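The structures come next, written out as C-alpha cells.
Two complexes, one shared chain (subunit A), two partners (subunit B, subunit C).
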Partner chain A sequence: MSGFSLERGLQALREEMDAPVASFFSSCVHCGLCAQACPFFVETGDPKYTPIHKLEPMRLLWEREFTLWGRLKHLVGLGRKVTDDMLAQWEPLLYDSCSMCGRCSLVCPVGNDIAYMIRKAREGMVASGHAPEGLIAASVRAVNTGSPMGLQWKTLEVQIKHVETSSGLEVPIDRQGADYLVLLSSMEIINFPEYLEAITRIFDHAGVSWTLSRQCFEATNAGIQIGSKDIAATLVQRVVDAAEALGVKNVISPECGHAYTAIRWEGPNAIGRSYPFRVFHIIEVLDQLRAEGRLRTEGKEMDRLSMHDPCNLARKSGVIDQQRHLMDLVADNFVDLKEHGKFQWCCGAGGGVSSNERAEALKMAAFKRKKAQIEEVEPERMVTMCATCRTQLEEGLEEFNMDIPVVGLTEMIADHLVEKERA
Partner chain B sequence: MMSSMDFLLFTKGPLFQVAIAIFVLGILIRLVEIFALGRSRNFAEPRGGQVIPGLKTVYKRFNPDPGTFRRAPFDVVVGTVWHIGFIVALLLFIPHVEVIKATVGLAWPGLPNPVVDAVTAITLLGLIAALIHRLTHPVKRFLSTPEDYVIWAVTFLPVLTGYIAYHRLVNPYPLALGVHILTAEIFLIVLPFTKLTHIFTAVVARWFNGANFGRKGVQS
Partner chain C sequence: MAVPIRPQPRTLGDSLRQNGVSRRGFLKFCAATASMMALPPSMAPAIAAALEQARRPSVIWLSFQECTGCTESLTRSFSPTVENLILDIISLDYHHTLQAAAGDAAEHAREQAMHENAGNYLVVVDGSLPGPGSNPGFSTIAGVSNLQMLQETVAGAAAVVAVGTCAAFGGLPKAAPNPSGAVAVSDIIKDKPVINVSGCPPVPMVITGVLAQYLTFGTLPELDAYNRPMAFFGQSIHDRCYRRPFYDKGLFAETFDDEGARKGWCLYRLGCKGPMTYNACATMKWNGGTSWPVESGHPCLGCSEPDFWDAGGFYNAMSVPVGDSGNVLLAAGAGGLALGVGASLLGRHKRAAAKAGHETVTADELEQKL
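Take a look at the complex of A and B:
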C-alpha cells in the first residue's frame, strides 16, 4: 500500500467534519465521564484511554481550521498543529483501545456521540498510513479474496456438503428470486460451522425461501473496521451486486455484529444509494418467524443462562427485544446481565480489536468488565449472537478458568424445533 | 482618577454594551460555524425517527444512567448542584431579573433574596469542590488544559463577587458591584471563545446524538 501521507490523512479528516462533529467538539468540558463508560479505561485505569482523548488530533484540526477563533490563533502562531508523529502516537489509542462499542456515546452529559467520531477519525488514520498491521492485512485479504481470513468458496462448499449430509436437507445456492440471501462470516464458517446447519434446519422448518450466493458469501466488512470508505464501498458493493443478480427481496446478516452495522447502516452511505432490498440480522428474522407463529419449538433449556448483547446489534442497531423473545421461547431459566441492552458492556474484541494482534493484551483487559458482569449473575452458560463476541467470550472465560460454555442463539433455537412430519 | 461610582457607571454602561455585543455575535458565529458544516444524506433505511428521540436525549442527559451514577456519584451530584445553583442565582435573583428585563424586555418572578443567597453559597462550595476534583481525579487532571482552569475562574468569579457585593464584604459598595458586573462581562466575552459555549452547543450536540441513535431505533 502506498500513497499515504500526513496531508492525505488531514484531508480525509477534513472531509469527515460535519455539523454533529463540530457541535460535539464545541461542547466537551473535559468532565471525563466517558472514561467511566469505557471498558478499556475501567479495566486499566489509564487516563489515556479516556474516549474523548482518543479524538484529540481530530479536535485540533477542527479547532484550527473550522473555527474562527482557531484560525485567528493560528494566524498569530498559537495552537498546536497535527503532525505525523502525533497521528503515530494516537494509532494505538484509536485502534487498540477502542472497539467502537459506543457506550461512551450513551453517557456523555453534553451528548457527544464519541463512537461516531472515532469511526470518522479512523479515515484519517488510514489515509495517513497509521492503521495497524493486522487490520491492513485483513482488509487486503478481504479485497483480494473476498474474505478477511482468505477463505474461499471451495472451503464453504465442503461445509455445505457436510451440512446437507447431516441434516438431510438441501442448502440452496444461487436460487433466483429467493426471499432471503443469506450471508456468512468467515469466522463463523471456521469456528462455528453449526450456524449454517442451524439456519438450514430453521428455514426448512419455517418454509422460508432462501439462498446462498457463490458470487458473495462474506458479510463482514474490514473497510468499516479499519476506517476506509473506499474499501467499505468495494466490499458492500459485492453484497449489493450478488443480491441484485439473484433478485432477492432481503439480505440476512449472520451472527456477527459489525457485519450487520456495515451492511445495514453504513453500506448504503458507502455506495451512495439506497438498496433495492432490505437488510436484517438473523435474530430479527428469527423473531419475525416466531411472531408469525412459524417457529414451533418443544422443550426448554433448563440450566441458568445469561446473554451477551453484541454492541453492534443492541446499542448501535436497536435489536434488543428480539433476542429476549427468542430466549423466552427456548430457555426456562434466563437471567439478564445487570447492565444489558443499550447499556451492555462490550466483550472487548469489536471494532477491529480482534484482528489487531498488537491489541491482544488490551483486548483481554477489557474483557474483565464482561467477566465481572458474568460473575454477578453466575450463569451456567452464556448465549450470544455474534461470532467475534462469542470467540472473545470463549477465550476470555478460558483465560480466567471459568467453566461457562458459550452458545449461539440461532443454534439453540434450531435444537428445539419440532420435527417436521415428512410428506 | 476614576471614582468607584465612575467605575460602576462604566461597567453598567459602555462596557456592558460591548460585552453583550461580543457575546451575541460570538455565539452566532459559533452556531453558524457548526450548522454550516451540515450533514451528509443518509441512505440507510431508518428504524426510527430523529426529531423526537433527539429532543428526548436533550432532556435525558440531565439524568445520568444508573451505572454512570454509581461509578461517578461525585461528578453527578456536585456537577448538577452547582449548575442548578448558578442558573438559579443568574436568572432568579431579583436585581438580575431587572437587568434582563431592561436588556431584552423579558421578565419573570424572582426568588426571595435569602433563598438566592443560600443557593449562591452552595454554588460557591460546589465550584470549589469541582475544582479540587479536577485537580485530583486522575482522568480529569489528565484531560485538563489551561483553558479548563481559566473557564473555572471565569465562572467562579461572578458568583464570588456577587456574594461579596450582596453581603457588603468590600467597600465602597459601587466598587464591589462594579467588580461583580465586570466579572460577569468577562464571562460573557470569554464564553463564545471557550468551551463555555457548551451552554448553547450541548443542546445541539445532544440533539444530534439522540437523532443518530433514534434513527437506528435506540433512545440514547
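Take a look at the complex of A and C:
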C-alpha cells in the first residue's frame, strides 16, 4: 500500500482521459454559459464556481500530456504543472460547490458533459488524498458496515417490525424468485420510515411480488459521490450479488437520486458486466402499476402542491412524465415550478455535498435558487422523490422560515389507496 | 473645284447629324444607354438633350504595356455603330494607333490638348505600366517612361478611364512572375477618379456608356469595390447567364463534345468562371449583339476580374483548388492527421499504462486519512 500521493492522483486522472474528455476539453469555447446554469455560481456570483473552471487541474494535465502543443510547451519548459497545492485548492471547487446535477452539461452549446468530467476529476482527488473528510467517512462506513450512515440490519429490522404492526401486512424478506428486490437508503430508514410502510401497502394493494434482502438493503453509493470507481464497484457488486442470490427479475432503487443513477447507469460499467435483472426507480414502477390499472386510488389532495424533480431522476435519467402522471392521480391543485423536468434547478445537496460538513454554507447558498423558484409559484406543500433532496428542502425551507412541508410522492400515493376489503 | 469645307462639328448632335444618324436612331441609342446605366426610361430625353448639346470633350488615349486588343474591340465593328460615332465625335487628340501624326508631332498634339483643355480632358489608358520600382526602360514612348507620361498627363485631367484588364488590374503583364513589375493605373493614380473598365477586352458599349454618362451628367458613374461602373459590372455572368437554368437543375456538360455540350448545358464543370465574374457579356453580348463566349460553347474565363491569369487553369472548375495549394493543403492535412493520430496513440498509450498501473482505492486506505 503506497498511500495517496500527487503522482497517484495524476495517474488516476490519466486513466480517465478518454475520447469524450479529450473532445470536451478541445471544444470548450469559453462562453461561460455553464456558469449561468450552476446554482453555486448563480447564488454566490463568484467566478471560481464556473463549472468548467472546476476542471482546471484535469484540463491542465490533459493539455500538458495529451496534446501536441502542450507536450511541445512542456519540452521547452513552458506551461503550468499540476501541483499538490493546486489540487488542495481545487478540492472545495470539485466537492463543496458541485452537486453533479448536470445542468451545466445540458446548457453547454458545444455539448460538453461537464458533470461527467467532474465525476472523473474526483478520481484524481481521491487518489491524491484530497477528498473531503465527510465523504471519506461515508465511504468507509458504506464499505465496512453496508451503510454510509453506519446503519445495520438490526436497525432496519426494528423499522420493519414497526411497519408490520402499523400496516398489518408482512414485509417479505429474502423471498427467492420475487419479481422485485426493494432497496432502501439509510437516509430513508432513519428520516423517512414512512417510505417503507408506503411501498409495503402499495405492493400489497397491487399484488406485486417483492422482497427485501438481508444481504444488501442499501442502494446508495458513496463511491460514486466521492469519485472512486473501486469503492463504487464494491458497493454495486453487493447489490448485484444480493439480487442474483435471490434470483429476482427487477431491482427497485428507492426515493434517492444518486442511488438510481449509480445502479442504473454507472453500475454495469463499474463492475464491467451487464446485469441479469432490470433496474427501476420506485417512481417508474409506480407509474407502470398506474398504467396497468393496478393502483386504485380515492380522494385527492386539495391544497396547492408543487414538485421538485431530483436531478438524477429528471435530468440525468429522463424520468419526468412518470411523477406527473402519479401527481394527477392524487393531486387536484398541482402546479409545476417554472423550470422543471430536465431544466430544473438542483436543491444543492446532491453529489456528496450533503455528506460534506464543510460545504454546509455553500449548500444553503445554492438552495436559494430553489427557494426563489418555490416563491414564484407559492405552493402550500412540496412533493419530491429523493431523500437527499427532501432533507435539503426541509432544512432549507426551515432556514428561511418558510412554512412549506415536504412530502415523498410514494407516501402520498399510499395515502390514497382504496382500502382492501378485509376478509 | 474647291472641295467644300465641312464645318467642324461643335456638338455631338451636329456630329451625329453630319454622319447621317437619324433622330430616331439617336433616341434609341439614348434609351439603350439609359437602361444600361439602370436609369429610368424618362431619362432618355435628358440624355439626348445633354448629348446634343455636349461639347466635344478632349480625350487623350495612352497605350502602355498592351496588345491593342482593347482599341481593336472598340473600333473593329462589323458596321458603323453609334458607339464608334461617339468615338468619332469626341476629340480624340492623341492615340498611337489611330492618329495620323507621328514622332514629335504626335507628342506635340498631346501636349497641346493638355494645355488647351487643362482640368477638363479625359485620359483613357489601356495597358499596364512598369511600376515605380522596376526598370522604366521596359516600356517607353518617345523616350519617356510610361510612369512619367502617365503622371504628367493625368496631372491636368478631369478623370482617368482605365480600359481593359491590364490598365485596370495589371492583366497579362502582371501575371506571375510579372517580369516587368507591371502595375495597374489605380496603383499609381491616387488623386484623380479612376474608372476601371475591365475585360480582356472590355465590351465596347461599356466604354461608350461611361463616356456618355460623363458627357450627359458631367459626373462619373456609380462604382463597385473595384471601381468598375455598377451599371455594367453589377451582376455576375452566372446570374444573368441564359444557361443558368441548367446549373440550377444540375445539368452540366462534362466535355466539349458530349451530349450536354450539344444540348447547351451549363459549362461550370468545364471551368466556367461565370459565378465569380462581373461583366455585361451575358446581357450585351459581342460583335453587335451576335453572341458571346458562353453562347458559343466556351466557358467564361473571368477576364474582367483581377488576376484572372493566375486564378488556376481556364478549364478547371471553380471548385478545384488553384495551383499547388490543393496539394499543399492535402499534404498539410495528411501531416496534421498523422501528428494527431500519433499524439492520440501516445495519449492512449499513456492512459493504458495508467490503467495497467491502477492502484485500487480501498476503504482501509481511506480510513487512514481520517
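Following the convention adopted for this analysis, the second predicted complex is superposed on the first by the 420 of 423 C-alpha atoms of A that agree within 3 Å, B and C clash if a C-alpha of one lies under 4 Å from a C-alpha of the other, contacts with A are read in each partner's own complex, and residues count from 1 in each chain.
Keep this in mind: a residue touches a chain if its C-beta (ideal position, glycine included) is under 8 Å from a C-beta of that chain, and two chains touch if they have at least 3 such contacts.
Bear in mind the structure is a predicted one, so any value in this text is a computation, not a measurement.
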item	value
First, second, both or neither for A:17, with subunit B first and subunit C second	both
Partner chain in contact with A:3 - subunit B first, subunit C second, else both or neither	second
Subunit C versus subunit B, contacts on subunit A by residue	B
Subunit B versus subunit C as contact partner of A:50, first or second or both or neither	first
Partner chain in contact with A:66 - subunit B first, subunit C second, else both or neither	both
Which of subunit B and subunit C A:318 touches, first, second, both or neither	first
Intersection of the subunit A residues that touch subunit B with those that touch subunit C	17-18, 22, 66-68
In the complex with subunit B, residue positions of subunit A that touch it	17-24, 26-33, 35-37, 41-42, 45, 47-48, 50, 52-53, 66-69, 105-113, 116, 264-269, 272-275, 278-279, 315-318, 320, 339, 342-343
Interfacial residue positions of subunit C with respect to subunit A in the complex	339-340, 343-344, 347, 350-351, 353-355, 357-370
Residue ranges of subunit B touching subunit A (in the complex, touch as defined)	29-30, 33-40, 42-45, 47-48, 57-58, 61, 64-65, 67-68, 71-72, 75, 79, 137-145, 148, 192-193, 195, 197-198, 201-202, 204-210, 212-213, 216-220
Subunit A - residues contacting subunit C, complex	1-4, 8, 11-12, 14-15, 17-18, 22, 65-68, 71, 126-127, 129, 131, 133, 136-137, 139-140, 142-144, 228, 230-231, 234
